[in-house]
Structures are given as structure tokens and as C-alpha cells.
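Down below are the structures I want you to see.
Here chain A shows up in two complexes: once beside chain B, once beside chain C.
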Partner chain A sequence: MIKYLKIYKLFFKNSLALLASHRFNLLMSAIANIVWTFGQIVSLQFLFTRIDSFEGWSINDMVLLLGFGQLFVYIMFVLYFNNHGELQTKILEGELDTLLLKPVSTQFFISFQNVLIAQIIPLFIAVAPLIVIGIRDLRALSVHDVLFSIIVLLIGMIVMYLLSLSLSGLNFFTDNATAIRDMVMNTTDMSRIPLTFFPNPIQLVFVFFIPLAFVTYYPTLILKSPQNMFLILGLEIFTLIVFYFISQFIWKKGLQRYSGVA
Partner chain B sequence: MSKYVFLLKTQLSQIATYREDLVFNWLFKLFQMLVVYALWSISQQEPEELSRLFVYYTLFFLFFDSFTTAKISRWMSKDIMSGNLSTYLLKPINYPITLWIKQIALIVARVIIPIVLFLIFLFIRPDIAAPSSIINLVVFIISTIMCMVIWNLFVTIIGLFSFWINEVSQLQNVINLLLNIVIGRYIPLYLFPENLQNLIALTPANYLGGFQIQAYQGFATSEQIVQGFFVMSIWTLVFTIFAWFLYSKGVKVYEANGS
Partner chain C sequence: MEAIIKVQNLKKSFKQYKKEPGLKGTLKGIFKRQFFEVNAVNDISFEIEPGEFVGFIGPNGAGKTTTLKMLSGILYPSSGEISVAGHIPQKRETQFLKSISLVMGQKSQLWWDLPAMDGFILNKEIYEVDDNDFKFLINELAELLEVKDLLKIPVRKLSLGQRMKCELMASLIHRPKVLFLDEPTIGLDIVVQKRIREFFNYYNQKSKTTVLLTSHYMEDVAELCKRVIIINHGSKIYDGTLEELTRKYANNKYLKLIFNRPVELADLAKFGEVIERDKDGLKGTISVSRESHTKVASGLLESLPVDDLDISEVELEDIVTKIFQER
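Take a look at the complex of A and B:
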């Protein structure tokens, strides 16, 4: 574990050095994130001038839902999204051979090699305001609810990481894996709408197949009103176990199938 | 001319090689469309209002979102930054036209299936999807072509800034996101307050989808249509002159070395 933390520290340092050489892009990226958040808040406020509530959700609830969605998106970008996207190139150009020879987990290296430090800034300038606005008018929150919401969010993020890992592992079998992964992960947009708005089959998709509900809907719902902790955590842990085994199976079979080209 | 036709064919076959990417792109657009439609459908009570909203977002996401890609500025920036522009300048072809053809190939590939899908929808539900009249359809088609010209001139201008600014990709992102607020992507353009609509009507933003859809659905008056074509022509002229100016200045300051 300590070995991996040390390696991650090295990844972070390298990424920081790289970031310094793209200052203009960093500034523009920060502005882009603020503009996006501003655009979303404006459109929600405009929508709520025409309606009183969205299926029982107030504007602040919707902002909080958006905030959790964005929190997940930026953390995913900082940690692993682009790295998983580069697996295809690594396979095609034979770079993976070098990684396979290293005395560390290949999945760890593939997932965390580059840290997108630039995306940490939006967490403060774009996501934090959304969450602050979102929780402003909520009922009196107990420590229990806040902790419960954070735990559900954290486990949900691990589940989504495993989903991304599984989908990127498909690169060992098909050339289109990255496009499939991008499309699946881009469904995050859908999480801006409360889950109950969708028909039941789509709700099931967002709980069991693309479990976005655990990073957006449920954390918000827990803060909005008291929820059955065992049911949500039970569902989430079940999904976590299933995705863990799926990801390990895909990678095991994929690496067996892989033949080096370097 | 034949060399550009050849380039177009080559580009189309190249894009066709990655047709799965196109399918995923369409599916992604469909998701986006459903999200915004779902959001705004709550605020619309009458069936006619819902139909109008549905056609608005269908046309917006399946067509106009495909037309307005920023690839030209990215290609241009990459070529200028990497020095690859030199290889184009040595060839008997016009560099900006080459990029425009690449862009046209991409647009054609992206809109073929949406057109087919929309025609099927039109056949099944003409009461919802049909244009309000033949004239409105003609206005829609011509203004859509002008939308592509205006947009591509605009992104060419952004790309040309690469002669002076190191990286323009994030600048392009910021501009796109700002535009998204006013072109009717987050909020349907026809729901904007009237004063704001009148103001936007004088800018190119109005002609990146909103105006065309209004015309298609028969909600644009003849006065608005005439004004629209006039404003679009002015912007096309302004952007063409500015792009030409930047390109001629940029090529003069451009330096490259290597093999």
C-alpha cells in the first residue's frame, strides 16, 4: 500500500511539472468550467421561473443533484478518465509491454499514471458553489445523514471507477472500446434529472448497469429526506462486488489474449 | 477542383472506417437531447407546446450540434503548432479550403443517419415533424447552409489565432460554452424574454440553430426571415474579411523548421 502511495506521489509530481508548461490552457479550462456551471444555474433558474417544482424537487435540490454529478465528473477526470482512454493507444503502439514488465499492478499504472491536476481547480470554483447553494435550504442535517451521503458517494465513485476499468479492458478485444466507454461515461448528463422521473427500466439501468444513481441521486436524496440506509448500502455493495468481479475477469482474459508488439 | 473532390472522397472513406464512433456520437447526442427535453417538458403543459419542444431539440441536437463542431480550429492549431502547416503551404492547394473540406466530410458523415431518422419520424408523425410550408422548408435549408458557413468561418478565425497564441483549444471551449447559453442549447431560444431575443437576433448566435428551427416550425414572421438573411449575410462578409486578413498576416509571421 505504501509503495503505491509513493508511486502515486511521483505521478502527481510529474503531472504538476507538466501542468506548469500549459498555463494558458489551465486558465482557459478554469474559465470554461465556471462558464459551464453558470450556464447550468441560469438555465435551472429560468426553468424554475416557469415551474414550482420538478417532480417534487426544488431548485436547490436540483442544484445539489447537479453539484454531486459535477463532483463525480471532476474527480473522475482528475484520477482516471483520460488514463483509461489512453489504453487503446498503449496497446496499439506496444507501450503496454513496458508497463507489464514493471513490478506494480498494471491496472494501477493504467488508471493513475497521469493526474489531471487542472481539474482540481473546478472542484473549488464550480462544484463547491453548487453544493453550497444546494444545501442552503435543506432540512436540519444530522451528522448521520451527511456521513451516510458521503459513504454512498465514495462507494459509488469506486463502482463507477470499476465500470470505467471494465469498459477500458474491452480494448483487448475490440477497437471500439474507448468510444463505448466514452458514451457510457458521458451518460452523466442524465444524472442531472431525478431518477424517479425516468421509467422503471431506465431507473434500473442507472442503478445496476451504469450505476450513476449512487454518485448523484442517492447522495442528494439522503440529504433531502431520511432514507433506508441498509437498502441503499446493500444495493450499492452488491453492485460494487459485481463490478469488481466483472472488471477483474475482463482484465484477466484481456491480458491472456494480449500479445506484445514492441 | 477535382483535387478537392478527391480529398472529400478520401476523407469520407476515412471517416467511414470509424463508423462505430459515429454511431456512439449519435447515441450521445440522443442522450443529451433527452435530458434537456425532459427538463423543459415539465414546463410545457399543452400537447402542441410539447411537440414544438420535441422537434426543436431533435433538430438542434441531431443536426445543428453536428454542424457546429470546432474541429477546424483544433486542426489549424495543431498544424500551426507542430509546423505541419509547412507541408500544406508547399503543396498546390489552399490550406483553409482543405480544412473546410475535411470539416464538410465530417458533417456529411454525422448528419446522414439523423436525416434518415428524421425522415422516418416525419413519415410516421407528419403532424408533429413536418415543416409548416414548402417555403419554410426552403428557408430552413438555405439558412442551415448559411449557418454552416458562418460557424466554420468563426472557428477558422479562432484557429487562425494560433499564429499568435500557443494553444487555442481551451479558448475555443470557453467560447463554445458561452455560446451554448445564448444559442438555445440549454434554454430553447423561443422561451427567452422578447427583448433578449431581439438582441440575440443581431448576433451570429441566433443563426446557429434557433432561427432555422423557428423558420421550419413556422414561428418566424416574413419580416424576421428577411432580417435574418440580412444579418447572416453581414456576418458572413465580416467573418470572411477578418479570416482572410488574419490568414494573410499569420502566414507572414509563421516560422517552422525541421524535416
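Take a look at the complex of A and C:
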């Protein structure tokens, strides 16, 4: 564990050095993300001048939902999103060789080697105020609810990480499966809409197949009106176990099929 | 002495598909693909003892790199058994990965935008190398490879030769017992090639590291390896010493001549097969049978205006080319 922390520290340090050499490009992308987030809040405020609630959700509930969505997206960007994109290319172009020679977990190395530090800026600037605005008018929150919400969010993020890893790993088995990951990860936009808005089959998709509900809808619901919390956690842990085994299966079988050539 | 690398009936096949040219072929390929198997490595067996420096040669597509990748655990064999430093490579156990290194002339493990030193420090943590050992080794390798002043410059700003030297350093930080070299001198100029060969020679003798080298430059092999394994179309066709190879496949010797006045091609051809002759007729090389070479040499000295005569073995490159042409 200490070895992995030391390695991650070096990944961070190296990424910081990279940020310094490509600072203009990365800062512009961070600014674009901040603008996008505030654009979303303005849109919500405009929408709520015409309606009182959306599926029983007030503007503050919606902002909180948006806040969790942004928190998830930026953490994903900072930690692994681009790395998994590169993983796909590396598998397809046979560029995984040097990584497979390292005496560390290849999944860890490939998933976290580049830290997108520039995205930490919108994470703090845009997300923190969102959550503050979101919870301002909510009922008095208990520490228990907040902790529960955070636990559900964190486990949900691990599930989404495993999903992303699994989808990237599909490239071991085909000529090019990048479109599948792109399509699935693009659904993260849907996480800004309350789950109950969707018909039942779609709700099942967002709980069991693309489990976005665990990173936005459920953490918000726990704060908004806590109910069935252990059922949510149970479902989430079940999903986590399933996704863990799927990702490890894809990875193990995928490495056996890896050809090392383009 | 027990072999450090054992390979038994190793096979590797890849599934590929054919696509007919044009739009019709593309559309057909979407719905129905014609797959076929390519046997990249076909039933290879060999053993290598600790400290040996072995050349692994063959033409493009012979299966050299595929074999090296299976030996280093990157690729899974289709069948057969491999043992490297007492481990089964495809299990990719930590102790195994710490005991080997693979240097690929066409692939880099260093971070392109960062100085090589940052990559070395990362490898130090990955391989859990002791601080003092790391400092000592970096100093030693940097001095040997003459890159001391280059370690703090971003890798992308280094020349190909400088980059390869840094790649070598990154691969040796953990003092591997077995070193796989896949075309380490590819694209480098003659001076750098020579410097790197000297380094490999020194390193192998000093550390007793077992080395398996693939290279298209026969000078690398001739200078570094006592033993060679030759493969073609995935199958082993020779495994033995270089001397034996020369004896077995080169029945001739080369007589390299320098004349003090021009000599006609026809006059030279009377003594043997003319391998090369310069435009002015002042230099030439002829190939003659091993048994008669002394007799031919004295005949040449008597009949032609020879200024200098050198008797040499047939070049390894010519032997290897001959072997591949015959098959």
C-alpha cells in the first residue's frame, strides 16, 4: 500500500510538471468547464422561473443533484477518465508492452499514471458552491445522513471506475470498441435528471448497468429525504461486487488475448 | 549449471482476418469476415545458461519479438512451456518482473515531456530500489553511457541515441538477472551503435546478466554473442556457436585485395567469385573455397599487382542471408 502511495505521489508530481509545460491549454479547458457549470445553474434558474418543481424536486434539490454530478465528473476527469481513453488506444496499437513489464498492478498504473491536475480547479471553484447552494434550504441535515450520502457516492465512484475499466478492456476482444465506452460515458449527462423522471426500464439501466444513480441520484435523495438507505447501500454493494468480477474477468481474459501489435 | 531460460515446444498463433480491397470488400467485411491463423512462433525449444549472451536472429516476421514478448510475460503462449529465472512468465509475478528487463528499440518507457531522471525515480519506486543503490547505479550507468549532463533535459529534446541510452538506464535500475534486447541499436548512427555495444559487453561481463539479443545489425551479434539462435517463419533453424555457424554454412573465405594499379574484372574472376570490386579496379574481394584459399592467395600475389591482402571469414550477414535464401 505504501509503495502504491509513493508511486501515486510521483504520478502527481510528474503530472504537475506536465501541467507546467502545457499550462495554457490545460487552464483553458479548466475555464471552459467552470463556464459550463455556471451555465447549467443559470439554465436551471431560468427553468424554475416557469415551473415550481420538477418531478417533485425543487431548484435547490436540482442544484444539489447537479453538484453531485459535477463532483463525480471532475473526480473522474482528475483521476482516470483520460487514462482509460489512452488505455483503449494502447491496447489497439500494442503499446501496453512497457506497462505490462512493471512489477505493479497494471490496472493501477494505466488508470492513474496521468493526473489531470487542471481539472481540480473547476472541481473546487464550481462544485463547492453548488453543494453549498444546494443544501442551504434543505432540512437540517444529520451527520449520519451526510456520511451515508458520501459513502454511497464513494462506492458509486468505484463502481463507475470499474465500468470504465471494463469498457476500455473490451478493446482486447475486438478491432475497436472505443465507441462503446464513449457512448456509455456520454450518458453521464443523464445523471443531472432525477431517476424517477425516466421509465422503469431506463431506471434499471441507471442502477444496474450504467450505475450513475449511485453517484448522483441516491446521494442527493439521502440528503433530500432519507429513506430505504440500507436498501440503497445493499444494492450498491451488490453492483460493486458484480462490476468488480466483470472487470477482473475482462482484464484477465483480455491480457491472454493481447497481441502486442497494432 | 541449470539453465536460467528454458523454452519447450513454444508456439504462438494470432487470429487475423482478410479484407478484400474496395468498398465492396469493406461492406462484405462488416457482415462476414474471413479469419485465418498465423503461426508466429512454431514449436521452438532452447535453453540458455546464466550469464550467456545469445543472439536471436531472423528476418522480419520470423517470430523474434513475439518470442521475446512471451519470455518477458507480455504475451501468453498458445502452447508450450517457458521458465525464466525459475518463473512462468505469463503469471507475471512481482519477483519475476523484478528479475527481468526488456528493452525495445522502437518503444519507450520514459515520459516524453519529462526529464529522464523523473522516469528513473519512478522506476526506483516501482522496483523498490534502495536510495543508495539507486544513486550509485545512476552515476555508474550515466558515466558509462556518457549521459551525465542529459538526465535533466526533457526526453523529447534528446537525440535518438541519447534517448536509447536513457532507456537502457531505465531498464537496468533494478539490476535484472535476465535482459531481453529487441533491436536496441535500430536507427542509431555507427558511433552510437558501437558505444552501446561496448556498454553491453562490459555490463554482461561485470554483472553476469543473461542477455538475449535480437538485432538486424549483424555487427551487434558478431561482436557480442558467442552463441546464436536463428529462426525463420517461426521455426528454429540453427542453435549453436558463431564459429560452428561459419564452419557449417560458409565453405568459403574472403580474400580482400588492394592493388597498386588497376586490375580488370576478368583477371580477378580467374581466381574466384568476385564479391565486390571498386570502379577504378584498385580494390576487390573474391570468395574462394576454404581448402584452396592459401593456394589462391599465393597465386594472386604472383600474378597481380597486390599491395595488400587480407584473408577473412565470410561476413555473418552473408551467411545468414544465404541460410534464409536457401529456405
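Convention: the second predicted complex is superposed on the first by the 254 of 262 C-alpha atoms of A that agree within 3 Å, B and C clash if a C-alpha of one lies under 4 Å from a C-alpha of the other, contacts with A are read in each partner's own complex, and residues count from 1 in each chain.
Keep in mind that, in the parts below, a contact is a pair of C-beta atoms (placed from the backbone, for glycine too) under 8 Å apart; a residue touches a chain by one contact, two chains touch by 3 or more.
Because the structure is a prediction, the values reported are computed rather than measured.
Q: Once chain A from each complex is brought into register, does chain C clash with chain B or fit beside it?
A: fit
Q: Between chain B (first) and chain C (second), which, if any, makes contact with A:Ser29: first, second, both or neither?
A: In the superposition, A:Ser29 touches chain B alone.
Q: What is the contact status of A:Asp189 with respect to chain B (first) and chain C (second): first, second, both, or neither?
A: It touches chain B, and chain C stays clear.
Q: Chain A residues in contact: does chain B have more, or chain C?
A: More residues of chain A are touched by B.
Q: Please compute the chain B to chain A to chain C angle from C-alpha centroids in the superposed arrangement, rounded to the nearest 10 degrees.
A: 90
Q: First (chain B), second (chain C), both or neither: which does A:Val104 touch?
A: In the superposition, A:Val104 contacts chain C only.
Q: Tell me the contact category for A:Ala179 with respect to chain B and chain C: first, second, both or neither.
A: The answer is first: A:Ala179 touches chain B but not chain C.
Q: Once both structures are overlaid on their shared chain, how near does any Cα of chain B get to a Cα of chain C? Whole angstrom is fine.
A: Comparing every C-alpha of chain B with every C-alpha of chain C, the smallest gap is 8 Å.
Q: Take the contacts of chain A with chain B and those with chain C, and give the residues found in both.
A: 22
Q: Quick check on the complex: what are the chain A residues that touch chain B?
A: 22, 24-25, 27-29, 31-32, 35-36, 38-40, 42-43, 46-47, 50-51, 54-55, 176, 179-180, 182-183, 186-187, 189-190, 192-193, 197
Q: For chain C, which residues count as touching chain A in their complex?
A: 14, 66, 69, 72-76, 92, 94-95, 97-98, 100-102, 104, 107-109, 111, 113-114, 118, 121-122, 125-128, 154
Q: Taking the touch rule as given, give the residues of chain A at its contact with chain C in the complex, in rising order.
A: 3, 6-7, 10, 13-14, 17-18, 21-22, 95-98, 100-104, 255-256, 258-261
Q: So in the complex, the part of chain B that touches chain A is made up of which residues?
A: 20-21, 24, 27-28, 31-32, 34-35, 38-40, 42-43, 165-167, 169-171, 173-174, 177-178, 180-181, 186-187, 191
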